[in-house]
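There's a structure below that I have some questions on.
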Amino acid sequence: MIAIAVAFAIACFGLGLLMNLWRIVKGPNSADRILALDTMVINVIALLVLYGIRNGTEMYFEAAMLVAMVGFVSTVAYCRFVLRGDIIE
Amino acid sequence: MEIVIASSIATLTAGGVYLILRLRAFAVILGLALLSYAVNLFIFSSGGLTVDEPPILHGDGIAGYTDPLPQALVLTAIVISFGMTAVLVMVSLGAYLERGNDKLDIHEDEDALSGEPDAQ
Amino acid sequence: MNWIIAPVLLPALLAPLIGYVMRHDITLARIASVAGTLLLAGIATGLLISASSGETEVYFLGDWAAPFGIVLVLDRLSAMMVFLTAVLAVLVVIHAVATGWDNKGRHFHALFQFQLMGICGAFLTGDAFNLFVFFEVLLIASYGLMIHSGGKERLQAGLQYVVMNLAGSTLFLFALGTLYASVGTLNIADLAVRVAEIPPEEAGLVRVAAMLLMVVFAIKAALFPLQFWLPASYANAPAPVAALFAIMTKVGAYAIIRIHTVVFGPDMPALDGMIGDWLFPAAIVTIALGGIGVLGARRLMPLAGFSVVGSMGTLMVAVAVFTPEATTAALYYLVHSTLAAAALFLVADLVITRRGTDNLQAMPVTVQNGLFSALFFGAAIAVAGMPPLSGFLGKLLILDTIRQPDLIVWAWVAVLTGSLLTIVGFARAGSMLFWKSTAEPVPDLPEGTVPPPAARAMEVMPALTALLLLGLLAVLAGPTTNYLEATSVQLFERSDYIGAVLGTGEEG
Amino acid sequence: MDQIAEILVTFCLVIAGIFGLVGSFGLLKLRDTMQRLHAPTKATTLGVGGVLVASMIYFYFIEGSLSFHELLITLFLFLTAPVSANFIAKTLLIEKKGKIALPETDGKKGWATNDSPPNVADSIQG
Amino acid sequence: MLKRLIPHPLLSISLVLVWLMLVNHYSLGNLILGAILGVLVPALTGPYWPNQARVRRPLKVIEYILVVLWDIVVANVQVAMIILFKRNADLKTCWVVVPMELTSPEAITVLAGTITMTPGTVSAMLSADASEILVHCLHTDDPEGTRDDIKNRYERRLKEIFQ
Amino acid sequence: MNDGGNLLLIIALLPFIGALIPGVMIRAGRNACATFAAVPPALALAILLVHAPTVFSGGVVQTQIDWLPQLGLSASFFLDGLGFLFACMILGVGLLIILYARFYLSGEDPMGQFYTYLLLFQGAMLGIVLSDNILLLLIFWELTSLSSFLLIGYWKHLPEGRQGARMALAVTGAGGLAMIGGMLILGNIVGSYNLTDILQQGELIRSSDWYMPALILILLGAFTKSAQFPFHFWLPHAMAAPTPVSAYLHSATMVKAGIFLMARMWPVLSGTEAWFYIVASVGLFTMVMAACIAIFRNDLKSLLAFSTVSHLGFLTFLLGLGTEAAATAAVFHIIVHLTFKAALFMSAGIIDHEAHTRDIRRLGGLRTLMPVTFVIASLAALSMAGIPLTNGFLTKELMLEEAAHTVWAGNQYLVPIAATLGALLSAAYSFRFIAHVFFGPVRDDYPHKPHDPGFGMWASPALLVVLVMVIGLFPFVAEPIVDVAASAVTGASIHTHLAIWHGLTPALYMSLTAVVGGLIVLALYSPLSRGWAALPRPEAKVIFDGLVESIAALARRITEGLHNGAMTRYLAIFVFATVLLGFAAWQGGGMAQVNRPNLPIPPMAAVGWLLLIAGTLSVVLLHRQRFRALVVIGIIGLMVSAAFVYLSAPDLALTQISVETVTIMLLLLALHYMPKDTPIESGMFRRVRDGVIAIGAGAGVGLLSYAFMRRDIDTISDYFLANSYKGGGGHNVVNVVLVDFRGYDTYGEIIVLGIAGLIIFALMEALLSGPAGKRLRNMDFSDDLSRDRHPLMMVVSTRLMLPIATMVGVYIFLRGHNEPGGGFVAGLVIAIALLMQYMASGFAWTQARQRIEYHAMIGFGVVIAGLTGCAAFLWGLPFLTSTFGYVHWDPIEEFELASAMAFDLGVFLTVLGAVMLMLYSLSRIARHAGETVNTEPMDYDPSDRVRQTREES
């Protein structure tokens, strides 16, 4: 039962990724792209955790944590670039 | 799965090569970044693909692990290419600030100070 | 401790100290850097003497057995290359200090030491991937040195240099991946063993790996069609750096000599002499391009750069034959052309500094025209391969050792014609710089401008020493060639190398 | 007990999947960027949150190890997501400066993207 | 003495907890290591947090968290319905300006975060003097009500916690 | 080596040692300089004469020192008759020239330099004639080219001197290079480069298939050096040299080197049809042609130069005949020509020196003004004309005699007629020399009033003229030296009988015809000269210059066309060549059996693949909108990391994602100052071309990787899996490989990072202090930007995240040995955490709170890693040998301590330091660009408002 649920969730988030991709490519604003990439990061985190459940290992949580961290930093950096040009000022 | 990785390597390489053949340093940087992804996957795959078996030893068994050596090589390659990219970015920025354009080609008759107006 | 690691470790420990502790004190940095380089030369001499016993010494890093850990291998070849590097480094560092080049930007000495570390590491390593790592060390240090002190031309040339080499490094990784995938090891000796076992009908992958590696090394060795980057890079590098770069092209040549003899030698069934078949024509064209470039150059630094291209072609013609005799000749010419190129760049620096431009045009002479013309004449003789300096002997050796009937005419015509073009090119350049300039009226200096200072003895000394070394290399050609002959015999006797690395490698 | 845990996990996962998908779908479907900005909150909260809760339950009841990593990730996401959204909204407003009508502030100072921060002195006078 | 060694006890305790969560293995060794880090890390990062907010009523924090979590679940369902079943043309999107009485940066941050994390509203930005917050509502018929909700449900509680 | 041999070596070396003297002695004055410059040749001459008895008794003095045995090059010298003759000439005339030059050179000329060059040249020349090893001979051969280049170009301010020097170098240098080929062939045929060995093997050489190439190549060397047609043109232009040089090089020595070589090689190369037809014909033609030109030259030295060319043709012709008698005649004429020609050159120099012109048209009537010179020059010229009682007559007779019975391609008249014509023309220009310079009325328009110079200047030519007359009158005095030299040339035992009168031979009639004809030509000079002037004739210099210039221009075009700075083209060639070569290599080998099943492709992987492909294509398509491309490239990084997770490589995933983030930060920082868009610059053709190359490369590596993923091979990795825990103390094999098995790689890798940090810092310094700094200060970034720089929310959340992220970093560091993680990732995590702080609260505020300098951090890191490796030395173990152990402390559970962790700490510090130093350096630009610096951590802190209000009330 769990296996099916995991597969379902993976499918949902995977599908989500494709939708994010569409938004990144299509835009039209930078904000859309950054937003879509940020969402993509969140979906990937979910997928990582799901993958961990599927394999019964907690090996991938560090990866998920790190992805969360760098995802945030890059989102802020992209935004700052548009907002202020200089990301560290 | 092999075909997935091989075609990913191929696409990344093709994209990277196309971009390093562009005329502006920035495109070349992007191209080298793509090539770096490609080569990382390439080296990684040289040990053969394994799924679901990370190279962390539990007990003394050694069967069925992902080949650790290519992984270590890729790690080294990632770090080195990071250092290289950083220098490249800096050098191209420097060249841009000195020349007023970020063309990769050098033209004998180019005059930096009357260069293009794209220097903001 | 065993001293094999010392040429890597000494600069590796010194460089951070210079770069971080002494970065605000140029005097201290200079003393440390010069002292370190001298010490390196001393160590290199010791290693050379040690290697001349003919025994291949292996250093098992981390005490791991080969082929699992990384090994350093000291044989005659690596000892010679390290020694050559150290000698060159001493000349260059003194020149850089005496002319004040080192103080025109930041971190010269730290980068210089790292550069030495990379070069020595590349020469000593017995591991294909570690060779890549040290290639990268020496390359990234060279990027820093190349753009040392900045400036528009230097940065744009530096950008090209970096891009080209990054592309090359990427290819290096592709090649190593292919190599590992086809034979499953990285240790050079182990590679040799395993490649020898591969039958031709299964050799596709390993052949590709060998070829890609050749291309990678050919970039460094500036072999056609991968020589395009060199002239502009060398021409725009700070002159002492360009002089140091004389050894960088040799790193490429060394790698081909090492890898494509020990691992992919022509007698390997899988390779079937493929490498030489491609290398030889490439070398021939390289000679031609070098000669044509020397004749066609409008500026002194590119002229010197093209002469390096030509000399690499000459060197690689001998390498491409892959016989012990030809390799002996190649090694002699390698030593010669390294010092000759260094001498040329150092002299060019002294001249350009005083002329204020490297355009080959008549300008009023400034100071010490006689001295500089004599130095230039010496350097030109060296680079063109004229007697009495060692280049002539090197060329004779190369021509004499190529005995394959299908190669001989090509090699002779290329080498001799290349020499002629180089001679004519240098004669034109020198005549313009030093002779025609004497006919130019000396203008009255505007108020307040100081004429360029005369060169002090310390500034001239490195260039002069390089020329003297070339003379010495000619005089001592016999003993030198004895060493080199034993070197190439050792190189081609790959069972020694393999035995030393794999045979006695049991972990203690 | 395991049965309940299994059901719980399954439930969480299904919920998570649905909300994750809805979030991304919203990103695709909604009309303008400000609206789209709402969508990822679903993926972040009930989406990833559901997966993380499922994971905790799963590892505790089924694998037998209590794992708090999931909590940390949740904490991190809850800490960062609003800041990200804040930045993205501002990015949009800067990109479309003048094209999006914003309500006026009630105070003396305008919105942060358009008005420089007060220095302390003039806020005292006010 | 203790005060100087552990300037931010709450932070230090949190960090020890974080450490234990990270290693996910509860032993005396890890506790000691966590404690060392709990002292060391705040000391290292302290300069970047010069004036820390004081949480006056820790218990209220739990209440606040529960309220917000509940709101998240409820609002998520509502918004999912909107996304899935409402035509884009029918959406009544609007901006809402919420004046704030909060002055602690931490409190303002938590409020803005809460607004964003509860679906249906996103806090877009603050006013330059941080006295107002600009909120974007995905769909509402009653902007005033939304504003009041925010002020009553969240700001009031935060005021209790932080001031 | 016998004693004589030792002395021989000294002879060969003396001039070179002597070349150092003038540089020192010049300070002592010009007389001292000249005197001391004369010492080495005098000494050498004396030693040479010591050997005379041996040589004259038919002996040979030899010495051999191994130099480069692998090549067959030895410092071997031998002295036989031919060598003796030449050595005497070189040293003897050398002494005369030193004397002459002392008075000839003016005060402004750098005399020390002159003598240095002269002695260098002398040494090279001596080397040629004494070498017993043809490779050694080549060395000296090239040295004569070089030193003559310096001598000809001695007056460097004169364009003729420079051009003449370059032309001489180019022509003789080219010949020398050809000769190298020829000599190597000879050596290969014989199996030795020793001349004495080669001279034994005439039969072998002449019958070899390689005889013709060798002959042609060697003759190219000889002909260019000895100015034979069509290489004769350089010699007249070399006359721009000071006259002592012309007298020495272009009469007595260098141009004779080619003759010497032909004489030396005569026993092995001559005697074949090829030799005869090439050498004799070229010589004869040169003799006639050059003599004809000489008549009409108005420059004295030019006249003499063409006369020299003609006489060299004379000698070549004789050697080409291949008979012993002709060779003997040649040897004799070498001596004869030396005597009169050197005297004539010096006389010409005297006239030039005194009258300040060498133009015959401006001279005349000097007979009375310069009687001594007149006598000297006239006697020498008469010898040149071949008038009886001078030595020139003797050799001319011998030559005509040989010519008289030479049949050329079945024609028995051609050669005699041509030889007579040559002699006639020779007589004609000699007569013109005497008549137009010394006879006729004294003029009143000399550029300078001429009179005889002092004794020092005319002593040398006078001595030579004495020789001219002595030999002319008493030919037998020359017999011994001619005999011994001719014997050496021919290898036979020659006993000549030199006499003035041979009876009424055909030669006598031919000679008579020549002299009479010469007088007639002189008489008809004016009309002939007008006719000559009207004659269209190719000007050699123009052709040569044109040739060199067009070759140089072509070289320039090729060079600048190929190396035109178009990096993109270089890269295209590189990729294209690589793909091609890779394909060629693959073609030659086969593929092993596929022995590995394909793994399944789950839908999730397919989705990831789709994202990766789409991301890549988007980056390519969007690359001109740079920011957008940077956003999209984030997808690729994310997907590659995800792929690594999926493929069981968590370490890679962690590293890839964090590196990718930092890289994007760097790119964003740089992009701020760069154009935001890339203009469309490449046309359709170019894009298609690049596309094709790109697809080729992509397909290549794709197929390659697919090929190797389908087969399993035996790798060394099993060892790592087996020994990671046992020998390295870690469960994470990848980490143990990194910090232990291949720790040396990692050591190199962190050094790369450290260097990168340094370079960026150094470059930034260089940029900011240069024109780029000025440019930056003028940049304006204030348009349309957000007003909030350090938003409150970001600052607050960062404050909480920083300690948490630090904990995460420490955690990842500590567990790296056993679980995914390690120093590298930890360094990046901390760097990213710090970066967040910088982004939130600004550079200046954060930097002010930063206690550790990033420079120092890199330094510490590299040094710690290095010293950890060195620690093994204390136990006598190699660099980087690791150790680990398990510590038991009750009540704490057992934990592991590994030296690898100290190494990893070095990695950590370096990574952190390098990344931060890079960011630091890039951020410095901003402050340079005039941005204000923040002193508060956030734009506005609302609690300030409260505090202030409270204080207010």
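In order of appearance the chains are A, B, C, D, E and F, and numbering begins at 1 in each one.
Assume a residue touches a chain if its C-beta (ideal position, glycine included) is under 8 Å from a C-beta of that chain, and two chains touch if they have at least 3 such contacts.
Owing to the predicted nature of the structure, the values given are computational and were not obtained by experimental measurement.
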* Count the smallest number of chain-to-chain hops linking subunit C with subunit D, moving only between touching chains. => 2
* Looking at CA centres, what chain is most distant from subunit C? -> E
* Find the chain most remote from subunit A, comparing centres computed as mean CA coordinates. => F
* **Centroid distance [mean C-alpha coordinates] between subunit E and subunit C, Å** => 62
* Structure fact -> Here the gap between subunit E and subunit F, centre to centre from mean Cα coordinates and rounded to Å, is 73
* Structure fact -> Distance in whole angstrom between the CA centres of subunit D and subunit E is 11
* Asked: In angstrom, rounded to a whole number, how far apart do the mean CA points of subunit A and subunit C lie?
  -> 48
* Structure fact -> Touching at least 2 other chains, the residues of subunit E are 18, 22, 24, 109, 112-113, 125-126, 128-129, 131
* Structure fact -> Touching two or more other chains in subunit F are residues 560, 565, 567, 569, 571, 575, 630, 646, 650, 671, 701, 705, 708-709, 715-717, 720, 741-742, 745, 749, 752, 755-756, 759, 763, 766-767, 770-772, 785-788, 791, 793-794, 797, 801, 804, 808, 819-820, 922, 939-940, 945
* Asked: Of all residues in subunit C, which are in touch with two or more distinct other chains?
  -> 129, 133, 136, 140, 143-144, 147, 150-152, 160, 163, 167, 174, 177-178, 180-181, 186, 232
* Which subunit F residues qualify as touching subunit D in the complex? -> 784-788, 791, 793-794, 797, 800-801, 804, 939-940, 944-945, 948-949, 952
* Contact residues on subunit A for subunit F in the complex? -> 10-11, 14-15, 17-18, 21, 24-25, 27, 30, 33-34, 37, 40-41, 44, 47-48, 51, 59-60, 62-63, 65-67, 69-70, 72-74, 76-78, 80-89
* What residues of subunit E sit close enough to touch subunit F in their complex? -> 11, 15, 18-19, 22-23, 27-29, 32, 37, 41-42, 44-45, 47-51, 102-106, 108-109, 112-113, 125-126, 128-131
* Tell me, which parts of subunit D touch subunit F in their complex? -> 72, 75-76, 79-80, 82-83, 86-87, 90, 94, 97, 112-118, 120, 123-124
* **In the complex, subunit C residues that touch subunit B** => 129, 133, 136, 139-140, 143-144, 147, 150-152, 155-160, 162-163, 166-167, 169-170, 173-174, 176-178, 180-181, 186, 232
